[in-house]
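As structure tokens, the structure follows; a few thoughts come after it.
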Amino acid sequence: MSRPTNASTRNAASGEPYVPRLEPRYREIASFLRAPLADTLDGLDIALVGIPFDGGVSNRPGARLGPREIRNQSSLMRGIHHVTRLDPFDQARIADIGDVRFTSVYDLEQVSDDIAAYYRAIREAGVIPLSAGGDHSVTYPILRGLAADGPVGLIHIDAHTDTWDVFQGSKFHHGGPFRLACEAGLIDPVRTVQIGIRGAQNTTQGWDYSDAMGMRVIFMEEVDALGIEGVIAEARRVVGSGSVYLSFDIDSLDPAFAPGTGTPEVGGLTSLQALQLVRGFRGLPLIGADVVEVAPPFDPSGNTALVGATLMYELLCLLTEPQLQSSPS
Amino acid sequence: MSRPTNASTRNAASGEPYVPRLEPRYREIASFLRAPLADTLDGLDIALVGIPFDGGVSNRPGARLGPREIRNQSSLMRGIHHVTRLDPFDQARIADIGDVRFTSVYDLEQVSDDIAAYYRAIREAGVIPLSAGGDHSVTYPILRGLAADGPVGLIHIDAHTDTWDVFQGSKFHHGGPFRLACEAGLIDPVRTVQIGIRGAQNTTQGWDYSDAMGMRVIFMEEVDALGIEGVIAEARRVVGSGSVYLSFDIDSLDPAFAPGTGTPEVGGLTSLQALQLVRGFRGLPLIGADVVEVAPPFDPSGNTALVGATLMYELLCLLTEPQLQSSPS
Amino acid sequence: MSRPTNASTRNAASGEPYVPRLEPRYREIASFLRAPLADTLDGLDIALVGIPFDGGVSNRPGARLGPREIRNQSSLMRGIHHVTRLDPFDQARIADIGDVRFTSVYDLEQVSDDIAAYYRAIREAGVIPLSAGGDHSVTYPILRGLAADGPVGLIHIDAHTDTWDVFQGSKFHHGGPFRLACEAGLIDPVRTVQIGIRGAQNTTQGWDYSDAMGMRVIFMEEVDALGIEGVIAEARRVVGSGSVYLSFDIDSLDPAFAPGTGTPEVGGLTSLQALQLVRGFRGLPLIGADVVEVAPPFDPSGNTALVGATLMYELLCLLTEPQLQSSPS
Amino acid sequence: MSRPTNASTRNAASGEPYVPRLEPRYREIASFLRAPLADTLDGLDIALVGIPFDGGVSNRPGARLGPREIRNQSSLMRGIHHVTRLDPFDQARIADIGDVRFTSVYDLEQVSDDIAAYYRAIREAGVIPLSAGGDHSVTYPILRGLAADGPVGLIHIDAHTDTWDVFQGSKFHHGGPFRLACEAGLIDPVRTVQIGIRGAQNTTQGWDYSDAMGMRVIFMEEVDALGIEGVIAEARRVVGSGSVYLSFDIDSLDPAFAPGTGTPEVGGLTSLQALQLVRGFRGLPLIGADVVEVAPPFDPSGNTALVGATLMYELLCLLTEPQLQSSPS
Amino acid sequence: MSRPTNASTRNAASGEPYVPRLEPRYREIASFLRAPLADTLDGLDIALVGIPFDGGVSNRPGARLGPREIRNQSSLMRGIHHVTRLDPFDQARIADIGDVRFTSVYDLEQVSDDIAAYYRAIREAGVIPLSAGGDHSVTYPILRGLAADGPVGLIHIDAHTDTWDVFQGSKFHHGGPFRLACEAGLIDPVRTVQIGIRGAQNTTQGWDYSDAMGMRVIFMEEVDALGIEGVIAEARRVVGSGSVYLSFDIDSLDPAFAPGTGTPEVGGLTSLQALQLVRGFRGLPLIGADVVEVAPPFDPSGNTALVGATLMYELLCLLTEPQLQSSPS
Amino acid sequence: MSRPTNASTRNAASGEPYVPRLEPRYREIASFLRAPLADTLDGLDIALVGIPFDGGVSNRPGARLGPREIRNQSSLMRGIHHVTRLDPFDQARIADIGDVRFTSVYDLEQVSDDIAAYYRAIREAGVIPLSAGGDHSVTYPILRGLAADGPVGLIHIDAHTDTWDVFQGSKFHHGGPFRLACEAGLIDPVRTVQIGIRGAQNTTQGWDYSDAMGMRVIFMEEVDALGIEGVIAEARRVVGSGSVYLSFDIDSLDPAFAPGTGTPEVGGLTSLQALQLVRGFRGLPLIGADVVEVAPPFDPSGNTALVGATLMYELLCLLTEPQLQSSPS
């Protein structure tokens, strides 16, 4: 298997080749998970993508700075997983392809179209995207780009169901992507599970919508009662065997673990639970995944971005392992 | 039921009425839980009160800034509880009545008298107070104001028993309110439970006093062994069916969840446990409650004040629900 | 002269009246400069207004949280100016009238219309507004509301000329308000002075526009050469004797003094220079003023909001003193 | 001259003697200016003293933590002054004698008595104290201890005149030490100069008192007009040739340089100006000096404590140089 | 039993003796656990030692500042353990003997020799050391100094096995101390347990070495499955009844609890688990213990150093209790 | 002139080419000054280089993280200078060539050799380097690589002369690079000027060496007396017309402007003075320049790195303008 080449893999002064990913962690250009940079999808299995957009938030902004800081903290990641002993970079051809570009960041509908077009191109190139937001509004256009063959299953880990309706005159905000996706036939509500939901609301609109559509909503109290293993089992039962997308909102974690987010809700997952949860979805036919709502300005210790980077690493392991199984590689 | 009206519920420029609590969270004047402001107790069921006093601390000061910052973070709260589906603002007439005023902040005994007089007026108006400290010394005068009909039961969640004697020449410090309350016949020690106690001490005086008086002290090790459900059951057994006051010291939480406090003790409750614990006291005949010892200067991420605000919200739910049950409303 | 009354000026428990502004600074509801809250313009001379909007930024967001934090830090302000020995609250009837409300925060043009309507109402009530942003895009609609009688003079203190054209598909961003105001005939470019300009740009478009329109641009180098007294003299010469609006972008200060802003530029004004500059405009016929671009998430020490609050206080002195002179009061 | 010996000047494992002050700066027990610790005044010329008390503040507390953090940051100090090429530790016998102890930190009058007794003992031992507060209320009892031979001259560098009267029922707060000292005949108001004063007030009481007593008040505007050299000349003229005490309130600096203080006032001195000002008092017959109001909880970068430590070093140079001149040493 | 005396136990002004450890926590010179300072090993049972060295890190430096900040935060510790009701200062003669001194901090091998010599002297004096790092490279030379009588058992709590080989040309880095100790016969790999291991790696070298040598490696997943009680039982089984050293790397905790470290790994122990784990080793014949890798520059809330101080206190209890049992005291 | 191409200048999904430097500032991979990345020196005029090494510090480490954070903050830079109206990217072919790689970061002499070899290759390729440290020890090997044709002139802006001798057993620390460079004949001491020097020292060794060699040392007091224009004139007189290297230590700034550094010294340059100073060296025949000692862990607001990035931009303007003049380009 050939790896993508890029401008950074040669010592500029000596011409000597080397692998940046293996250098001391404070060195090198900050890319997602220290992956090589690429300006093309050619030859890639997995594309790491940043979506620096937070124009859809309803509360505190800052997630537009998420991709930058996740890239920075992801230098702390390494290759070989301590449980599986597999290195995703040995399993697949992976590159950081940079950020989605926008025609107009001030126009939510146009942003949605720009993102959808970008992911459509990724899908058409046969590449699987692993994305870093940005606020959660970006997941609807990601699904527009990816779910061209009919509705997919959804594993949605979050403090909020994000199935709210129009807010402040727009339906493209970060509280509504899964209502839009459901209405557009991009996700199958019966194959949708929402995990970690909690926190008061001013209307029951979103909760009601999820219920009415038949989504399986596992509130935080039930997470605590079932245990992570129980949640994994229930989620796998819900999504079944078809294609699945996984969307991880960092505010599913308790704000002691992830204060750097726009709408924190006290009483959430621990980091260890989050990692166990994601690892529980090994082998599912994922068509992509994202980590969203990391807002660095509210993250004094940097831990939120570090958790975000670690979750991207775990998701990358998920995305590369089925490929290992299904192809001789 | 009519809600209290206040100066902020009308758009000053257009005259158009609106409900500030339902506006985007970064807007509006910061009041507790986005409640309306009131300058009278008339027509209120529940009064939200700030007690910006930290003259009783033995270590790091800063809790005088607690009410201000809890008000700020409490904009992140909303109305309808995700478990009960009840909105406390539908259950009761609630307002933020501002801060207790002091004659002399430099005289601990005078401060105690000022607070006691303030809460006596609240009780006499038939209003239930939900307070934000300030250091824990404020709970003794709150009880002086409220427990006029004889000793009440006490649910006390804290890292410290706060039953210490004179320190540095005064008994009105934040380590002794429950010794004073017990000596004054304001609380019934046999109906008192102290939850989450831990951390070394230089004398055993406070622990010994609690034991000698018959208080039920549940150290953190026992919390861990019993589980939160077990702790709730035991606490309900202790306080029985009579009137109860609930005092929540934020340092009962582990400092990873609540670093912003004057006397942090490693190895405490998680936020989720704290919420579950408070919710476990639904239906008890509470005469009031407080959240104390939030010290914003030591809280770089703001999470301590956010947890404090969330606990106030949960306590508000407790305080408004019995009213729902006992009155046709 | 009667002062506006509001819900906070009476001790809720005792009924005793008092002036919140004179209480210890960590007490009371946080309003701008500790002014009373009002929900009407009736009887006011000066309205303090928050505009919590940052949808127009081109870089780091966060200024939507500016009004909240300026209110918080402005508790450190007091009444009597140490140079003039005048207290603005003795000179005029002043209230904090809350925040501008928006129909849709996601639609820049609609936001502009909402703000314009709000300020039109203020002007029609004969009240002078002193505003806290929010990003600088808000000043264009403020001027739409206020400059109904033809173009006004402008004193604009900023690191950037904010006369740029369409960016990312919109002209309503924070880099263009004074181009829009000039094109709409709201400001007289020949009576416009821009002070403190600096920092590299990717095009010369804004600088060129200011030059072409005849605005007087005083770059930071010239500020340093002229001294603050010289700058004041030149600015007063430019604006002459007609009506003037003053807009203060906090990024005119060096980021050592004001790091909490979206587009910091190294090498700016000191706080002392900023105060001296504003004080130099005493006696000018100001129709309003604003302080914008305070972004609390980037302000770890809180000093940016404190400087913003202090500038609001100085501007309030400017706005109330002419009134003193021209009316027997 | 023999230096004080202390427990730290011998390697505990090897027995080898060494000078902690010359070790790498991140090593060793944190004492003021890396001076040896002493538990006696015997053999000392200069005593470095901490006064960890902030019970007299009117606004934000935290200065009780000042001595601890100034000790920490003062490890960055070294010996030989780059202008004079003198090392104070070669000029005098200097030790950190620890903190003043209190009988009751909750009783301002008792605290005042405790401090006065402590400094009386220092004076009687023929030792000159250089102190770190604590809030400014501590300077009145310091003067009670030191000015036993009649009123002394005073150089007072501060944003506030600290000549206010009773506040919240007490006259021992941090806004009144120099009124108390004047009334008690400890300072000569005509030989008193107050430098850097600024910021609004709710009454003119303190300014009026200073004026009425004949103190020379140099407001910040005059500091700017005179320049530091002019201020030094004027201050030396005022204090004349008799004994002088110097009290440096860190809030005289602009909060960009010293955010970590309880009552910051925008528009103050730069660090360079502060150092130049202190150095301008070389040769004056100082009977002691202090640096007060460093409040570490509001000092995220640590710079306030670093400035405080540097000022202590400069003051130590002042205190040790006259001794050099007047004694053969 | 006589306690070590030191320069701080007498009020310098009054001559009155007192115990610094019992003073309010914000007072006094910051020593480890408020122990007296000593410059000799004579008469000591336990020596508290700082090792301010981080020249062996592979990633983020800063642990050289660990001893300073652990001393600072350890003022929050007190004496009597709330479970055992024993005060270690009643059980043994304990002092803070300062920091290890280095001949050349730039030469890792020389640093190793300096530390080894220092601990050899401690051992030869019959004193047990409790140390605060510094990075983990310091534990190899500690063992060189202490394990003179043949290999000892090792309880090693960490996110990493620290059994890696040469990195960047040196074997004395912080990722390899236990490989070196094993190779040098200082620890018995079969009596070695490593607890809390997790996180990806770029090679399996360290994991493989631990396995090959027969060390018992309990990865975080197994910690979660066994529970802390199960881990304690397994660890006690592994180390058996012989002499044991305990090394606690603060990065074994989840970075929500301990962000201030050089190589954080998401998904670790909680503080409560860490305390329970350490307490589980009561009665073991420990020859010493350390807490390493606290890096204050990455610890905005100070909690990492506070956890470090609390762990030192718990370890001190472990170290002093066997002595109680074996001697009449 | 052709610009270097790199992997990031094409939209990976659409294939559309674009210039990352002109995108919104929070987007794109963080490179120095948003320059393209390159893995070869071919076709370059100017190479931007990171040297992530802080093994030579004597106090607080962290500068190894400087290049990463300067790259991050340098996204706030743009192209066209507001004074000269020139864009360096129009003047020269510029790329970020990544970081110097090290054989062994634990061996100071080896690091020095690695850096020297790297810069020798740059010089031999006819490229001018603009570097970001790293601690100041890196400048000696930079000069080893660049000054092959005999001693060059030196403009050295710093709080310290960095001409100290062996410290802790090594001469390759960050306090000695210019003594080494002088001894090695790489700089001409008579053509060396050191600007901004201040702060106490424990020996006069470094000051004495600079004096003895004939270097022109302008202490901070003289900077203040001469003014920046005077300093520029004197520095230009000293360096004359030959080749010059410029080294800018960020600790020359006052720590209010640049707290994020290892050895802060109170009383330094303002940011505005620093920019003016650098701009004063236009037209000098610079063979390279560096900005060193930015230590992000001590920089809570990020301003130190922002100042560092701005200085790199100003230096880039200096480096590209002579080329403009001397070649038709």
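We call the chains A, B, C, D, E and F, going by the order they appear; numbering starts again at 1 in every chain.
Keep in mind that, in the parts below, a contact is a pair of C-beta atoms (placed from the backbone, for glycine too) under 8 Å apart; a residue touches a chain by one contact, two chains touch by 3 or more.
Note that the coordinates shown come from a computational prediction; the quantities given were computed from them, not determined experimentally.
Any chain that touches subunit B and also touches subunit C is listed here: A, D. Each step here moves to a touching chain, and the least such steps from subunit A to subunit E number 1. Chain centres here are C-alpha means, and the one lying farthest from subunit C is E. Judged by shared residue numbers over all numbers used at their interface, subunit C and subunit D contact each other through mostly different positions, with under half in common. Spacing of subunit B relative to subunit D, judged by their CA centroids, is 40 angstrom. Taken residue by residue, subunit F touches two or more other chains at 24, 26, 60, 64-65, 105, 168, 256, 270, 298, 300-301, whereas all remaining positions touch fewer. Viewed as a network of touching protein chains, the structure does not reduce to a path, ring, star or complete graph.
The set of touching chain pairs reads A-B, A-C, A-E, A-F, B-C, B-D, B-E, C-D, C-F, D-E, D-F, E-F, using the touch definition from the header. Put simply, subunit E touches subunit B in their complex at residues 21-22, 24-26, 76-83, 85, 256-257, 270-272, 275-276, 300-303, 306-307, 310, 313. Within the complex, the subunit E residues that touch subunit A are 58-60, 168, 197-204, 207, 219-221, 224, 254-256, 259-260, 263-264, 266-268, 270, 298-301.
Of all residues in subunit E, only 6-15, 18, 23-24, 26-31, 37-41, 47, 50, 52, 64-65, 68, 71-72, 75, 96-101, 105, 117-119, 121-122, 300 touch subunit D in the complex they form. Contact residues on subunit A toward subunit C in their complex (touch as defined above): 54-56, 60-62, 64-65, 102-108, 110, 168-170, 172-173, 297-298, 300.
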